[in-house]
Amino acid sequence: MTDNDNFQNLAQQLIDAGRFIDRQGWVPATSGNFSARLPDGTIAITVSGKHKGHLQLDDIMLIDADAQSLDGKKPSAETHLHTSIYRRFPNAQAVLHPHSPNAILVSKLFEKEIVLAGYELLKAFHGISTHETSMTVPIFANDQDIPRLAQQVEAYMDSHPPILAYIIAGHGLYTWAASVAETLRYLEALDHLFAYELRLQGVKP
Amino acid sequence: MTDNDNFQNLAQQLIDAGRFIDRQGWVPATSGNFSARLPDGTIAITVSGKHKGHLQLDDIMLIDADAQSLDGKKPSAETHLHTSIYRRFPNAQAVLHPHSPNAILVSKLFEKEIVLAGYELLKAFHGISTHETSMTVPIFANDQDIPRLAQQVEAYMDSHPPILAYIIAGHGLYTWAASVAETLRYLEALDHLFAYELRLQGVKP
Amino acid sequence: MTDNDNFQNLAQQLIDAGRFIDRQGWVPATSGNFSARLPDGTIAITVSGKHKGHLQLDDIMLIDADAQSLDGKKPSAETHLHTSIYRRFPNAQAVLHPHSPNAILVSKLFEKEIVLAGYELLKAFHGISTHETSMTVPIFANDQDIPRLAQQVEAYMDSHPPILAYIIAGHGLYTWAASVAETLRYLEALDHLFAYELRLQGVKP
Amino acid sequence: MTDNDNFQNLAQQLIDAGRFIDRQGWVPATSGNFSARLPDGTIAITVSGKHKGHLQLDDIMLIDADAQSLDGKKPSAETHLHTSIYRRFPNAQAVLHPHSPNAILVSKLFEKEIVLAGYELLKAFHGISTHETSMTVPIFANDQDIPRLAQQVEAYMDSHPPILAYIIAGHGLYTWAASVAETLRYLEALDHLFAYELRLQGVKP
């Protein structure tokens, strides 16, 4: 495939992902942003300010690995959180950031992290093959200063075992995986796992 | 566009908005009403008594800024609440009033107002650019005497900072913005924000 | 219209109502049954044992006012509850009986009746024009002996003001109105009203 | 029908069942597995690792009654739970195993079993003709060693009255019936019955 074919292909995957994510109620208003990495290391990412359930090809732009626009469009303010993930995780080929209500509620009830343990559904995540394990999803304070927020995330990652997702408090969820499809599966699994914990705490999805 | 083109265009937007709003479960039975302002100051508004999820062109009528019918049809009893909003807010081009269950439940648990604070999703509203802020949605007692209810709302607005939405207790939500599309985004955002607060109170959407 | 046209028309309305009701999750498995009265007093009603979300014309049969089959098909065991309603309420032209979870939960939390008061949505019901009123929905114990259950309902109705709906405990809801469309509106309104009360009791739809 | 016709027909039923089950939110990520028995005793079953909401013909494989692949494809790790059910229940022609959130939550709140009693909806199950009965769904501890888990289930069944479904804790639900369609009805009914009990316990679906 040419670079342009790759872009078109991934852009369409992000558009379709947005429709699915919107049907779940995870991107109210114009919230959320999505990206996918091309073989040459450039990144297809949603532009700023669109409803993620109704994306069109023109709403996906191209940036380089340092978050610089390559086509003159304006990327989301949170682009640096995406590039930071791609830099740290060579196998991450897609990053999805919805404003899932369950993730937001989790951030209200759990302080620094939520630990998911004992569920068969944990096997949805790469590298997990039994329910007899646990997975930690850290929760970071929200910050409108995205480089500062990215730094906070980086500092955590420098001093902890690898993570597969994180929550920004009162804001939403970030997760990433080896393809858009796999990242969607992570979102589905995380939403269910968060829902189990919330319901057991008396907070109902 | 001719006046008639403008009407047809906005009427179609209200019809489509009704389908979306109904799919969310926010206009049970024949509840709710919607309007949009034309460039000449007249207002397209839903007629009385139809299901808002199945509107047809004939179910949208034209009134003037004083709520007088311009085409012989009978507007909703609550039309004066719409015209009062358009009069006060020159930038309001659409008003949507669903009977969102979350708004109704909020009115049962919060007395005079609900304050939404600390959520990233607050940035969905015009003029808000950080989660480090709060937004007040006042709650008014329901009243079958609509002019009297409109007066109650007006009196509040005269003595408070500008608001973006209000709740009528046990009844529903009013919100408005610069277009039908933007007002739909407000509805989505408000429903999520109300849901967060309800769930944290132990009341589950 | 000929009698046959009337039957076909009402049968199609019941089929469409079933699709809507199933999408709401109100007729799990093969539960529920629906009917509509023809101008000549005969009644189109769902046959026994079909999934109400996937009805076909052949799944609607014709009975007389005494619940006798007019076409050799076997009506639902609960047919006598339908005919009893048509006998008592001359304006009832349709009866819908879903197994709405909210109605079932209401029957677990409220003993003999649920009183719905103060909601704007009460205006969805014929004859109610203000939220400043209340509406009582009685709850009857379930009974596999349908004639005996019908008698219990009749006895209640003989000694109380007219009702618009009733619940059978642990089973479902009966409501009726002047057309299939209006009865669907009643179902929507009742489900919302029950949900408000359940959520305020800490039981979440 | 030829054996191949039978396979194609049942495979399509499993594909359609998967779409329905996915729309209910019961098979997040690639969770769950489904099977149906052919007249000759061989079994059509979903292959390992696919999303059950988007199955294609190629994702259904054929095994014999001892769980051996007959077409070179790799069956789900949980295949032995399916074959064990078919062996014990001659009338079982389909087995559906979703990761229904309600079943998972039930396993968190009820220790060894959940008893469903007094609901009209119990009549959805073969052999039950009144609400005045109860039905026990046992809950087994999860185990990645599937033969060992199958043994645990077998031991229970050897010493208890026949069951129609069981839950694996933190994992999901198994149920079976005389056809794919009937088993889907069982799933719907069980999900509603679990939801009633969860809501009455203060845990909200």
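We call the chains A, B, C and D, going by the order they appear; numbering starts again at 1 in every chain.
We adopt the following convention: a residue touches a chain if its C-beta (ideal position, glycine included) is under 8 Å from a C-beta of that chain, and two chains touch if they have at least 3 such contacts.
Just so we're clear, the structure is a prediction, and the values are computed from it rather than from any experiment.
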Common touching chains of chain D and chain C: none
Chains in simultaneous contact with chain B and chain C: none
Longest centre-to-centre distance from chain C, chain (CA-based): A
Interface numbering overlap (same over half, different under half) for chain A and chain B: different
Inter-chain centre distance, chain B versus chain D - centres from mean C-alpha coordinates, in Å: 45
Distance from the mean Cα position of chain D to that of chain A, given in whole angstrom: 32
Overlap residues in chain D, where contacts from two or more other chains coincide: 202, 204-205
Residues on chain B engaged by chain A in the complex (per definition of touch): 118-121, 124, 129-132, 185-186, 188-189, 191-192, 195-196, 199-200, 202, 204-205
Complex interface listing, chain D residues touching chain A: 25, 28-31, 51, 99, 101, 104-105, 108, 142, 144, 168, 170-172, 198, 202-205
